[in-house]
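To start, the structure itself, in structure tokens.
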């Protein structure tokens, strides 16, 4: 029971709970970005449902990134990161725990909320299902990849935007497969292929990202 | 010449200059975000120019916001904020200087770059002009409103939720008028009304935001 | 003859060696460019109906696009070696290559756009190759921005190397995802069987230009590496001696002609 | 000149002190002593007007400081637990900007002299990020060499400093008192400062 | 047990120390002394493996610490300049989580006892954000009551503490040494710690 990664998970969730605003900001951001488009244009339901997959996926991606930039920043500033590096247990596991906490706090709400927004865009029932499923499979990859960027830019000048610059290009496959899945199901095709690719991306990220992140963290505290 | 607000402006600009990459990063961030949307959908030029106003405005908002949330956070953490509060000169002016510096570093480059991205979205010439004008009028409001939020979230727990609820929705009018102006000019209508409203938003924010921000800062250092 | 390669893995020994190599590569680059331009402008078959002379842009565009990808791989390889073996010089090479890579990527994008206007009627379309080339540019810029943002050189090296490696894993994924996403771009024009007669001169032109770009990239990277070495080692004895000698105006044996 | 009248301070639901009254006159030094958490820093922040009191008033030349904020702050130098340095600016720039922010007319060479007086000549052009704990503190304290303020409020100025710097600082504080300045400070270390008039205020839970 | 061999450290383009060698044996205390910026903190971070050295090696029971990282870290307690507290968690939660993160089997009541031993019983359930400077430091140091580590590396543990807490801490450090522990610490204050074997290492620019 005394696993360091469990402690990390517990601590981050407790903090998020104490600080509720983080969750709220992510969710709000997602809502604002995705509801802006119908406001900004001539809202015909055909055009709307045409752009829906792209808009919803990009909104989810940006919402996650907004909070991701600070994933390790406070730990770094207050010295907790040093303590994590000195814990006699694998750093990769602790990193994974932090990413999991981030996903639970920022990714999951978006997954759950997406169908409601999807309704605004007149998405049919199946497409809504696929939307949720694709987000469920894809958002973990976003958190995982983002963690690498967050770790690399720790303590670096102007880190917020730099993370975005490093990470967004790497997000593109996830975005393409995710939005592709929804678009396929909208056109009555099978989303199977896209979803498998999405899952593959997440799995690959799950294997590699914690390692890369841990290495980056060691570099950053020097 | 020894005005505290000038010193604040100079200091913030110097900091930004030291991080040279900051300005460049804002610009590239804006570029990347606006390239993400086409990747999520079927990128035919008609659909693209339809969503262009929304996309470009959201990208601008985001580029501003990513850096804005931390406008006072480092000052607070390192004690500079206390020193600003104790300077024998009006706090509102210093706050305004900080906001101005932020806008110069993060807002202005976006305004200047927007037309290039607009080209990628196949926007016609007039729409490009209006896009730039609307961003020029609107981004100061984003910085000003965001500053209130940034000040309120400092250190105080729980209020963060409130900020998310109060400040983010204040962005919505700016976005609607901004994107609306571009959309209007795309459809051959006059963007006049939208632009005036946008300017009004900015003016109102210019008058009220520094006062509100200064008050919020005094509360948060207690 | 036996060469002690490890001798050259120290910046101090590499610096003069690079200095001697730069002119060779620079001359080669110049000669090959002249040859390549000659072939492409005078020997290559005249314009096809549609594209007029604009098609000759291919002789810059395609080699630039190739180089943009090759350089990323080389850069990631240097970075990886630097990270694994803690070799300073490898990291410096990676750093020296990045701007050249970004430059070729930009060149491919710009020439492509210039070409797109007469052929497709627009500067830009959201197609797979174009998009992945754009993303490649972002990857380069991210690498450069990260290194610029960190001022401890050792840390910058290692952080940059990690990023380059992560990017290298992602480049193929990005390439294929974008490819499946949408395809509008020209197919492979260099297939073995097709119209060999016409292809041969064009191919020579392109290959000559590609070789010229290679030489240019090597020459510039070596020059940049020399600057980086000087800056990094500015406090070491040998650099002080070298710079001192330069200031005195006495020709050093190594021939510092930067 | 500075008069504290019946001051009370409550943090959360904890009463730190009540009905505290004292005066600080020209040329006098006030030590605020007490255990960790007894409310020393809170008192200092109250005196500066950074915190607002539950009851009572802080008077500067007879006026409530909340009414004469700007003129009071022109006479005040506060250095708290935090150093107020920007990571990306050099030590020199930090000092110069902080002094100017506080309304001093310090020029860059003057700031450099102040740094040298603090023994920081060598690191003047290093970014604050790379400085050691004590060096950072010294950059923050170098403002003392540049200020024209009468009232200095210093929260543990000696923490993190090495012995020789402490002596240097103590001498400078003595100098200020000899010039009819006023100092309020907290410290957990024993440091001798020459003053014609030394008061002690001991807070306790 | 701990052996430092020929260690050199360069920060930026500044050589802090070169060819530094020393041993720390069971039951012995090593003071690292020196002016501000002489490289004490850097040395401590090198010993912990947080910084990587230019040259030389740090050996723990004969093995390079980079090769036996996990087992070394299980034997190590490092408390640096930073306290490692989360503003939103209570003092008790902070202590408990930090101890568990470091691999201790501390239960919540044990953590509370440790806080009480540090004289922090009253503020155990306050969020770290509102604590005073010294109280924060004491929460961080309370880990000493919970740890089973052999080697303690403490960077200015006495800064910001009041006199009675310093005595308390010094006694606990003496206790650890009596139990064959090892301590490396830096300080600018004069504090007496009972040890059968005390070494001094003075760094200078």
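As written, the chains take the letters A, B, C, D and E, and residue 1 is the first residue of each chain.
Going forward, a residue touches a chain if its C-beta (ideal position, glycine included) is under 8 Å from a C-beta of that chain, and two chains touch if they have at least 3 such contacts.
Keep in mind the model is a prediction, meaning the values are calculated, not measured.
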item	value
Most heavily contacting chain pair (counted by C-beta pairs in contact)	A-B
Most distant chain from chain D, judged by the mean position of its C-alpha atoms	C
Chain B against chain A, contact positions shared by both copies (same if over half, else different)	same
Length of the line joining the C-alpha centres of chain A and chain D, rounded to whole Å	45
Intercentroid distance (Cα basis), chain D paired with chain B, Å	37
Between chain B and chain A, distance of the C-alpha-averaged centres to the nearest whole Å	24
Multi-partner residues of chain B (each touching 2 or more other chains)	18-19, 21, 25, 28, 32, 38-39, 42, 77, 157
For chain E, residues contacting two or more additional chains	12, 81, 87-88, 127
Multi-partner residues of chain C (at least 2 other chains)	138, 141, 145, 149, 152, 178, 181
Sites on chain C touched by chain B in the complex	122-126, 131, 134, 138, 141, 145, 148-149, 178, 181-182
Sites on chain D touched by chain B in the complex	48-52, 70-74, 76, 78, 80-89, 93, 97-98, 100-105, 127
Chain E residues within the chain D interface of the complex	11-12, 34-37, 40-41, 81, 123, 126, 130-135, 137-138, 156, 159-166, 188-189
Footprint of chain A on chain B - complex, ascending	16, 18-19, 21-22, 25-26, 28-29, 32-33, 36-42, 47, 50-51, 53-54, 57-58, 62-63, 65-67, 69-70, 77, 153, 157-165, 168-169, 171-172, 175-176, 179-180, 183, 187
In the complex, chain B residues that touch chain D	2, 4, 7-8, 10-11, 14-15, 18-19, 74, 77-80, 82-90, 221-222
